[in-house]
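Only one structure is covered here, and it is reproduced in the block below.
Just so it is clear, A, B, C, D and E label the chains in written order, and each chain counts residues from 1 on its own.
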Amino acid sequence: MKANPVLPDMATIMEVVEETSNIKTFRVRFDDENVMKNFTFEPGQVGQLSVFGIGESTFVINSSPTRMDYLQFSVMRVGEVTSRIHQLKAGDSVGVRAPLGNAFPTEEMKGQDVTFIGGGIGMAPLRTLLVYLLDNRDDYGKITLLYGARTPQDLSYQEDIAEWLGRDDIDVVLTVDNPDEEWGKNPHEKTGLIPNVLKEINPDNSGYAVTCGPPIMIKFTLMALNELGFKDDKIITTLEKRMKCGVGLCGRCNIGDKYVCVDGPVFKYSELQELPNEL
Amino acid sequence: MRIGVFICHCGSNIAATVDCPAVAEQAKGLQDVVFTTDTMYTCSEPGQNEIIEAIKEHKLDGVVVASCSPRMHEATFRRALERAGLNRYMLEMANIREHVSWIGKNKERNTVKAFELVSIAVAKLRNNNPLYANKFDVTKRVLVIGGGVAGIQAALDCADAGYQVVMVEREQSIGGKMAKIDKTFPTVDCSSCILGPKMVDVSQHENITLYALSEVEKIEGYVGNFDVQVRKKATYVNWDECTGCGACMEKCPSKKNIDKFNEGISKCTSINIPFPQAIPKKAAINPEGCLMLQKGKCGVCAKVCPTKCIDFEQKDEIITEKVGAVIAATGYDMFDHSVYKQYGAGQYPDVITSLQYERLMNASGPTGGHIIRPSDGKEPKKVVFVQCVGSRDPSVGRPYCSGFCCMYTAKQAILTKDHIPDSDSYVFYMDIRSPGKGYDEFTRRAQEQYGVQYLRGRVSMIYPKGDRYVVRGSDTLAGTQVEVEADLVVLAVGAESAKNAPALAEKMRISYDNYGFFMEAHPKLKPVETNTAGVYLAGSCVGPRDIPTSVGQGSAAAAKVMTLFSKDKLESDPQVSSVNTSRCIGCMKCATTCPFGAIKEVTDRAGNVKAEVIETVCQGCGICTVTCPQGAIQLQHFTDNQILAEVNALCQAQLDF
Amino acid sequence: MQALAELKEQIRQALPDLDVVIGWQQGYDALHTSPLFIRSEEDIDKLVVNEFCVVNPATYLREMRGGKKVGLVLKGCDSRSVIQLLQEKLLKEEDLTIFGFGCNGVLNHTKLQARFGDIGFITSLENDGTNVTVEAGDKKETVPFTELCADKCLTCSYPNTLQCSHFAGEESAKQADSATDKALEDFEKLTMEERFTFWQDQMRRCIRCYACRNACPMCVCKDHCLANSREPKWLSEDVDVQNNFMFQLIHVMHLTGRCVECGECERACPMDIPIMLLRRKMAGIVRDVFAYNAGTNAEETPPLMCFKVEEPTIEERH
Amino acid sequence: MSGSTGLLTEGQDLRIVGFLCNWCSYGGADTAGVARFEQPTDLRVIRVPCSGRIDPLFIARALLSGADGVLVSGCHPRDCHYAEGNFYARRRFEMLKQFLSVTGIDPERFHYTWVSASEGQRWQDVVTSFTERIRKLGPATKMAGGTGYDEECLKEIAAAVSLGDQCPCHKEKA
Amino acid sequence: MACKFISHEDTNQWLEALAKDHVVFIPVDDGGSVTFRPYGEGRKPVLDRMPVRSPKEAVFPQNETLLTYKYDKDPEDPERTSVRIKETLPKERAVVFGARPCGTRGMTVFDSVFVNDRIRDPYYATRRENTLYVTLACHEVESTCFCHEVGSGPADTAGSDVLLTPVQGGYTAEAVTERGEKMLEASFFADGGDKCAEAEAVKKATREMLGEAHDFSNAPEALLAVFDDDEFWDDQAAACLSCGACTYLCPTCYCFNITDESTGTTGKRLRSWDTCMSFQYTLEGSGHNPRTTKGKRLKNRVNHKFAYFPDTYDQHLACCGCGRCIKSCPASIDIRSIVKAAQARSAQKESK
């Protein structure tokens, strides 16, 4: 832990990618090359991005530790801080406090099949793990991605998806609620709610399932995964709460005596069931 | 955000007393400002191009122009931004000419002030958001309320331009006051001869739908999209079948009804067509006088009607019309002269109103154009006219001048001489007000050619003496009291707002003055527009008007409607209020204070009451924003945060670093 | 106590048709009562009515919007807030059942504390209506009621519950001890500078816990108060004199013509800041200018929600 | 005082904030400018659509954060561009005006009035007399910021505290 | 532990001496309520009442600037803006004089949370290291006192450096820490002698005044058992007004908010007390709120003190029994009775 856990490191935005109408991806590098060089993290960990004068907000680092040219954060515009972050351009200064929180159990998953089920902005934490697994491809079994959004235009990471579709060591299925005229021409383009499409794909239930997305989608996806026979301790999701300090002090992100910012954001379904009902 | 600041010299207008380059240099230090410059004339073609180029070159997303008043050139610079691909609302202006350089000579102080005005503008701009106008369709039909001469003119102009017109008339026939008048001043034309053809045109025009004996019940919606409900009152006659033959009137046994068209100086039958030239020429039953409707027995009219169009079961009908604009031409009413007890008004049979006198003189009136005393049918030899009855008299709550009484009194006096050559006429007046083409000449003619005696003074009382009346007044020119014996006294009654005008104004969401006359959007520059977009005014509903003015306004209102209808889509101004539903608690205080009825109550999916702004109705005043205690409803472009940013930029001390 | 027995009986009768009846119960010691939410028969016996029933039960009404049938046991002053809420159409009259009684005034804990060291040290208290006998530690003193009662009771014109559906016991014949507000009068004898310094000192003590706001029956914005918002952002998180005072001004302005002077804001303040001075001043201005007394007539319109074209009572400002 | 400008030297302009409605008073101020009616330079105008948009709390905020005076002007009653804005505003302003005295802020520091777009002369009079009035009152006493403790006292003690700037954890980041 | 004595007169002298190189927070009468303010001219300590505000603020002030920042423009090229940030660690050395044992005990909760194996909060740690607590044992009790029920007592030394006990003519002083021992080396202190026995008697008598202690030891299990009992919590919270009086005045409540407050190109990142009783506390950007009802919020507060904290830090309760939350609550809500009710409720459930 750093000497001052609430003091950010200065960083600069290298590039801004407009993913959808309300999601932008920011690629940042620390200003101090030593900090950049020594920076390590694990897939699933989060960071606090600050715009001085506006405040801090928590986002998952969705680049992979296997590719350290920059740290990548995807930001959906919902409130004051995120609106101001959206106004940032390449070259602007920000503060970054990272890494924070826990990570996906990448060791434990070795040798196993992994099914990713992502919805909307929930694709961000999946991306970091997915890229990590692909960069360590031999360590893992079959990889399947099911990614859904409301419309084809709401699907982020188009560049990545194009790349993944071109690979034969990952199965990619995309689904939307409201298709346009172009949608559905390719076999990987489905229409319908994620849990339903998931059941349709019927992935092998012996491996891991990693899911993230809006609360309502998570709820039904967990039900579907149960139905498909996935084990509770092999279903992994990430939680989001209002966070401030990110280091387990300020008190608001607790679920019972667990702090999402320290004990999370990655939780196994079996762990979630142990937590008091306070989502 | 990336802001560009442009400081205009305005030649020497600004630069003479403000150090423009220094302001530009200082502005570089303001947050988010990435480009500043000072230019000779920012509003000129090259000046605007400089802005456009800077936007592109420096990837600006907001611009501050420090120059003249935004009231002068805000639109200019907004267009420049749009040409460069920026949203027009990403502009802020600092007024360093009217508010700085032109009002102070101390260059140092002016420069400080100019810079601070720029800082406020930058502070606000940092809180600006792009705003986009909503587009919506226009229903190209117009509602004309009132079928007097102003309404008729407006309706005909619109109809001739190809637009559908819905005309609603409260009375049984259109024509209004002008239809009752005998002759017009100063040309002494036959009133119904010039109005009649226009009335016929209304009835025959394929683009005009006329609802007579009808009233506007409700108006909802907004410019381009009004929903109007019209109450068509029961006439007990099927007008689709009625030919206006008049057989029913001849046989109707109930003949004691007050004849409203003739201002009560005669009686009429319960089933009636008000006058021969009436449009529509259809009979209607006055239910109060009808024996069948009151007592259930009679039905003579039904028996004699050749087309069998009498229907005693008829009920009021509500008709809904969709229109895009409304012209209110509801005219005026005559002042109730019976307030003047000292004149015996309403008591003495031979003290009558000027409009009653018109009916007496009119060839199609109840006397066939013979002037007679209502009391005994004798021809009066001495007629006294009393002016300003219900005008310019604060004691009866009518301090205003009705404008046209001087002229019609002169006309009536002249016509009296024409009708009864051996008669004498006297006019008591306060001042003769006769501005207008040929008007003053006309009043002089009355005095000089027709020998009408003009006495300057108010009449204090009128009392009967034998079968004549004594009119006692003062002659302020002679400085004496005068008494004139008269056979007939005509009171030149003033105009007041139509009954129910305030109620109609509320329906149209327009304002009205203390007397019930509708308020124009601007008394000088927007005389036929109102503060409610899409609602226009014509004629005497705004205040007393003579015929040519009313006709002119009818055409003017029609022209406004045509301008509106020349567009297929309207754009709503996005500088309107907007509700943050997650903050709104549904107390609806905003709706209470909104002068335009632009806020409605809605229920969200969870069943909570929330306020919602009807963007097309909202005028952008911001009263609601101040009313809302939660700050949930914010006037776009003038939000709390934007104004607070300006206040803070001015007042807040900066933190030491 | 006759009124209490009657109240209980009236509540017992009405309870089957109500979701809840709000009153008072004995608190953690003899000097405190706590709000009581009667939902079942057995709760009724917990009801107490005494000089410590300070909380205004109407404060809880903001949580009960939306068709709940609510009964309220209210003092006269409390009932004004209900009338004001009805006037603003924030409540429906048919949802409310008000149980009234005659109030003889309530005691003020701050005044007790100022006199007897700490409220927690008081071991016994007897109130006969005119005098209060207090034992604290080794002290035993008898003090006139008027020196220990809430300020609002000194000028109270509404000792009996207004607009109530049920009234228990006898009407209170209590008269206002004074028509004018002495505390405010005294304060206004200070010079402008002294007043400024006074508020600086007071506002320095404020901890911005918002007890004043949350105890206010008229603060219906509930969780959406301007004070906690960044969009719009009127206040900074700095707990300093400027921001603390700004909050008070926000509260006062939002209560203009609405404040029923129940005094809950000041009573709730854990720092005992005399913020009622501000509210009473504003209520007085509203009375002077608009001849309007908030919470006395549900048919009126609050003065800032309407206007006159000619304002005879507002001097024209040139 | 305002750190927004380094150009302002002490003892010069006072901090007077103006809130003007766009249609009448802002126009009136423009008219005064067009007619070259000279005015004191202390006033800084914030333009709003209508006096009905001016929250009395803006005025309070300005006065609390250091304004020496606040001048508000709208259309004359009855002449509001939005028909009723100034009627509501008049009541709101009057309440604040009468209330201010209890806060210890001199009500004279706040003035509201009505100026039409044609009244350039009147605008000059209003600005001049209000500025003179504020000059007579002098700069307003500023509200303290701070930590809740007596600022002066803290400062003195802090000066005596030995740790000072040598504290190893007190470092600046570029 | 050595027992020394200081007379009332010397106490003032001592404070005077301490104030030379410390900020000395003393309880003073501040507009009618007792708060901690720096010792200075004309300020006399008020020691006969418990201060309204808790002694935590000397180490954990309501507002703490975490950093300041400044946007710098390149004077040659306004397009180039850089941000500088400055860490603003506190420097003052302080003494808190006259806090009660319950209030000072609260600091032990802070110590566990802010300085441990996992984390060290430098702002807190610096202040804590630079602050000495001279605590005053109680000789009177109030109806809201329940220190004895949470494992503490009227002469608890937890968190203190020096404990004073009121005796005839002055106080006995016991050093609790080494730092405290150093303090007692000051010339104002004499040997305690027979005053020490008197002090012990005072402590004993005060403890007796408190009476029998209720047993909260099974509170964590009991509270967990009623966790999903919404009816219970809504009922307990019915009178709650959702204000922050209880949490802001609580000696153990440490939750905070972090916000940026800007003025032009400079500004600061501020840490301020926050209250879990407010709706905004857990309100997420999306509008979702896991604790929409005050019942849920009250549950969190009570659980934090009586279940989560003892579980996480394997320690005593995070409640020091001072009773401030009870006394300052506008609705007179009593946290003791809530926990007791939860214990009863869970016992009832178990027996069913």
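Heads up, the rule we're going with is that a contact is a pair of C-beta atoms (placed from the backbone, for glycine too) under 8 Å apart; a residue touches a chain by one contact, two chains touch by 3 or more.
Bear in mind that the values here come from a model prediction, so they are computed numbers and not experimental data.
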Completion exercise
Counting C-beta pairs in contact for A-E and for A-B, the higher total belongs to A-E
Practice task
Work out the mean Cα position per chain and let me know which chain is farthest from chain B.
Solution key: E
Completion exercise
Distance in whole angstrom between the CA centres of chain B and chain C is 49
Handout entry: Averaged-CA centre spacing for the pair chain D and chain C, given as whole angstrom
Key = 34
Handout entry: Length of the line joining the C-alpha centres of chain B and chain D, rounded to whole Å
Key = 40
Problem - Contacts with 2+ other chains: residues of chain A - result: 3-4, 7, 10
Handout entry: Numbers and ranges of chain D residues touching at least 2 other chains
Key = 3-4, 56, 61, 65, 84, 88, 92, 147-150, 169, 173-174
Problem - Set of chain E residues in contact with two or more other chains - result: 62-63, 69, 71, 81, 84-87, 122, 257, 259, 263-264, 267
Handout entry: Touch list for chain B against partner chain A, complex
Key = 1-2, 59, 61
Exercise for the section: Provide the residue numbers of chain B that touch chain E in the complex, in ascending order. Expected result: 2, 28-31, 33-36, 58, 582, 648-649, 652-657
Problem - Residues of chain C that touch chain E when the two form their complex - result: 27-29, 31-35, 37, 55, 59-60, 110, 113-114, 117-121, 137, 201-202, 205, 207-211, 213-215, 222-223, 228, 236-240, 264, 267-268, 270-273
Exercise for the section: Would you mind writing out the residues of chain D in touch with chain C in their complex? Expected result: 56-57, 60-61, 64-65, 77-78, 84, 87-88, 90-96, 98-99, 101-106, 111-114, 126, 141, 143-150
Handout entry: Parts of chain E lying in touch with chain A, wherever the complex brings them together
Key = 66-67, 69, 71, 81-83, 85, 87, 113-114, 118-123, 224, 227-228, 254-260, 262, 267, 269, 271, 274, 276, 281-286, 288, 290-291, 296, 300, 303-304, 307-309, 311-312
